[in-house]
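Next, two complexes with subunit A in common: one pairs it with subunit B, the other with subunit C.
Here is the complex of A and B:
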């Protein structure tokens, strides 16, 4: 790669996505919509390859920082490229590319008109850019701005369908998400007042020297962060907006939101807690225990809510609440296996839930049936779609050889290392409940005879390729997690401040 | 107790900011009129501006424009002010988006009251169940 590009690659990924986002309507106007679509997918693939390149650099040569505009840290904004960012960039690219590829086939039909579809592409690219930005930034205020861009973009892609239900869900989402951003901004203000810095490394130095002088203020700031990011990433008691927003949007929007958007906020939370405040301080405060308890509650409660739903997309939405609990449980465990499990789950849940939502959207689109009880025999009509749905389900449950197993195994190891047997029970119980709410879908689809003769056809080839790609990634991560697991482990070690050997 | 009060009084802008923040959230969560919710958002975001600006303020400080002639001048911290410009931009965009959504909701439901929208939705759902 030419020197100028590879040196500035970190910022270029975000800048390229941001700047191409706005030419989508223009491309549609002067050219054809297909050109804009192709270009958008191409940009995402480019972002993915950039992410892979950066992750490889980080794995081999260790973490590095990048000063935006050439201004060094206390004055300028610093991007910090460590294993956390590498892993998240790969996750975003790996999931967003097939989702957009899938969306591109029916997009005009889904959102109403060509110009609306072009704006959808703009919002999609903005959301991806903001998520990449969250992954690489090392500056608190930058986090706030990226969080806001991601929030507004994800609200708008929920409303893309422009019908009464989705607009209502969007408004509810926007209100709660804005309360969340308010809490985040206030918490950033607190940390800024305490330390006089916005750069996370400088805040860490400042706090390490003097946090004992103002433990209450730090505690308040951290709980505001927890509430703010908790609302946005649907941590259990704060999840009320998620089922409506994620189930009423069109399939690609739901897949994008459920798999990636909420993970961006979790990455931001991790960065604030473990980079800005530091593992040393955070593990001494009870906040990690609170996160672990909330995570366990989320696993069980989300799964029970999911069991009660008959609408397929609502069931998947509640399953997200449950799976986010796993990630928070790993953060709460606060040891290396627990955090590795969290990072692996961020990746594997992103891929799996994207696949499940795309498959569910396909079923609903072709058959017009939204309820699981009506889906008798769909498996005979759409064998490929239901086949990848089965792969996603098994991964979500955590069967060995699927990616979900790798992350849940790490979380289990983390719980055992902490001697936390309650969380072992919750982890296993959550998996059993996941089997209870996902396997009936397959049973109805494959083992019940359809009421009438099959009339429904499979999705377009491009959409099948997109879903098969995600299914293959699930199997690849599940069978040989090697490099990804190493990256996740390194990310966990970076957060805990342990020495990372290049 | 006396010491705590004097510290609270000394730092009154922060107390004021937190009170406004609570009022904003209360407005968003309790009022069913959608416009009032948007007003609540603006109150809440406004409180964070006060917090940041107060944090950057130096009593007796002047605007941070370097004056070489007078080396004794004290300047206020310019960074929070720059940050809050961004904050204002963000809150204007959120307000614009929510107002756009409210007009759409009005077109769909014919009301801007969250409770009535919920009622219409549940009626629609009940009718759909009967069919």
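Here is the complex of A and C:
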């Protein structure tokens, strides 16, 4: 990697986002709030282009490591830039930018005051920075720090609205997330005691040589990781906090949390399992099977819960529980197609769920109706919003030409490669259930006759652009997944320790 | 050049759909022009492609080169048969729709999706590999759903939900089969190379895949017991029932089964799987049960729906016999059943529009008020029974010859019984319509009525022409048979 900027690009992305986060209140104080907003969106777009650039480098020239501050591992912090980080940086950028763009229009009105809005921007950027950090770090303690930052920031943006329900949901979220952090910290402690290292590559070397001496300790550590990250990423049955938190927050917060925040912890889990412990060991332990079973349970149970909800945002929140199951199932399958499917689904679900939450938030904001059964005829009042909602729904169901199909297809291939016919049935059944809980929304909005004709206007121009952007990305990935799929495949190969040809 | 034609055939209606969607609500003339023009254009192009294929032997095939699962379009005689049926009848249904929907609400939505479905149908017909097929097959469900629920009544919405449930469940069976097939053949999904790739597959897996496909396509082909959506979908506007539930959608299912048997597995593999008796039994049961249930229906469109279920099984029967003559019968029946059944639906629609009657028991004497309509119905229903000089005779004749040429002569009995049942549930309608007494006043023939009547009458003529000169279809049927049987 030549050039000073591109050499340090990875760490620059995180540092830039962190520093932007802290100057938000200042910018608002001394300047105009609009300027702060614009600057935040601009920085996110910049981070996205940085991510794209890095991903291209990784695709063409292979993975590389970066020693922060010039201190080589194991003394310093090492960033490992491989296809996993490239893909996740792109995902974060692609989703966070339009969400913040969307949020910027009504932010002051949504959260109450200008100063609160400025703090919201701070928290939002902190969350994005932490997620980017999770994507690129190669160090266990670093992961812990980033996980904590992300958790606190997500809790705070749930509470941004400052009404009773969202504060209660935040409290519930905070309690469970803290328990999760405790598990993660303990698990890291175990690994540190076993190996004497926090750098994941060093841990892998140590473990490869000696894990058979302390299998129980390793077991305990891994199950703590699973529970800790499982709580945070809403793995069924540890999802109980998610529906409240994600449905009571304002639309951009819900979109951010449901699409990106939980994915950060999944990336962390993947790194711990496949990089720190190593594919060799992890696939020999039954823990992947447990993940696969929990993933399948999540797919079905989450979807059934979603079906039972009449409130649109709660239905979408439970849908996230179901969709996260797809990702865990892919991780559990532990083969190249399965992991590729998981990575594709991390991207595809992030884009899709962000779009659905933004669209749902728009409907609720304009019509004041939160229940699906009340939304008759809304499709004609807000054609663009409901149009992009339709795109999101079809992608979530996994119709070909939409991005959701690409991940579903890879997961199906992965299941068959493992000879796991049960998961084929679950995957197919899961997408049928997704159709069952998403299509009625469209049916009600477009084909049922409205009771009376409320005068409703479409969202602001900028918000429509943000949503259309996500819809176009869904279609682009769906129609021609080429490069992204290659990146996901390479990420899977990296995790499995297979030779990656640049 | 021919590649451009193929794309143009698919996209002319798609562009038409977009055009209609953005045309202002009041610009009726423009909208009608676009609807007619788009469907006519795509029909003309399909005929041109058929001509090129049959007489110059040009069957364009090309990869669209997107996605890692390649999208491939490839023409062949079988696909062209379906394309020609659908696109030609689409023109008739367009004219009919202009009359039928003249005073209806939400016309833009109706005609947009009407044209969009046409493009999707052609996509199915021209698919060159199974993945492309699956893609368009799935899209067809979503393109046709708004047409089914067009009335927006509670009943329509329920029928639509049922339709989409059945279709999506069916499509998931296809997806499961597709991914298993991908695994077995190592990624080969092209229709051209599939039969040879599957020869080596372990037969137990092949049987599983075959039945997954059969269940998947069987939903749209309305094989019993997967037919439940079709009768309830009759709540849709009549042109929709006529086109989708007698021609495009149900034939997409049948076409899928034909593809599965002939282009995916191939005659030899299917024969070696020893499942023929079972398949033929399923078809026979559907034929007989469909006819029996049709007898009991009093709502005309529901009777037609059950008749369709029964008649579609004829086509499948012909396909499963795995004999050149029977395949010829199946192809002929696909062509003739579509052209005949659409007339019956058209007539039923005119009766419902002009008199408000939807039940058969109400039709007494209506023939005197609407002689042309009921006359068409009477003539064409004879064709459904299989009488000369109507086209329906010839397809049944070939099906019978096919069953006699193989060991399955028992099917002859099934076909004869079913023909008898067809007569029982069709002929009395005509008789009572012309003999009974009615207190209806003769109506003024409005422009809307003529728009509905003219396509109906032309199709009656077509039924007679094919009945008198069945050889007209010979080049096409020959080509299809030669494609799958080396004679």
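Convention: the second predicted complex is superposed on the first by the 499 of 502 C-alpha atoms of A that agree within 3 Å, B and C clash if a C-alpha of one lies under 4 Å from a C-alpha of the other, contacts with A are read in each partner's own complex, and residues count from 1 in each chain.
The criterion applied here is as follows: contacts are C-beta pairs under 8 Å (C-beta built on N, C-alpha and C of every residue); 3 or more make two chains touch, one makes a residue touch a chain.
For clarity, every value in this text was computed on a predicted model and none was experimentally measured.
When the shared chain is aligned, no partner comes close enough to touch A:352: not subunit B, not subunit C.
In the superposed model, A:171 makes contact with subunit B only, not with subunit C.
Judged by the touch definition given at the top, the superposed model places A:145 against subunit B, while subunit C stays out of reach. In the superposed pair of complexes, A:448 makes contact with subunit C only, with no contact to subunit B. The residues of subunit A shared by its contacts with subunit B and with subunit C come to none at all. Within the complex formed with subunit B, the subunit A residues making contact are 141, 144-145, 148, 152, 155-156, 159, 162-165, 167-168, 170-171, 174-175, 178-179, 181-182, 185-186, 189, 192-193, 198. Residues 66-69, 131, 134-135, 138-139, 142, 146, 149, 152, 157, 160-161, 164-165, 168-169, 172, 175-176, 179-180, 182-183 of subunit C touch subunit A in their complex.
By the touch criterion given at the top, residues 394, 397, 399-401, 406, 409, 412-413, 416-417, 424-425, 428-429, 431-432, 435-436, 439-440, 443, 446-449, 479-482, 485 of subunit A touch subunit C in their complex. On subunit B, the positions that touch subunit A within their shared complex are 21, 24-25, 28-29, 34, 37, 41, 44-45, 47-48, 51-52, 55, 79-80, 83, 86-87, 90, 93-94, 97-98, 101-102, 104-105, 108-109, 117, 121.
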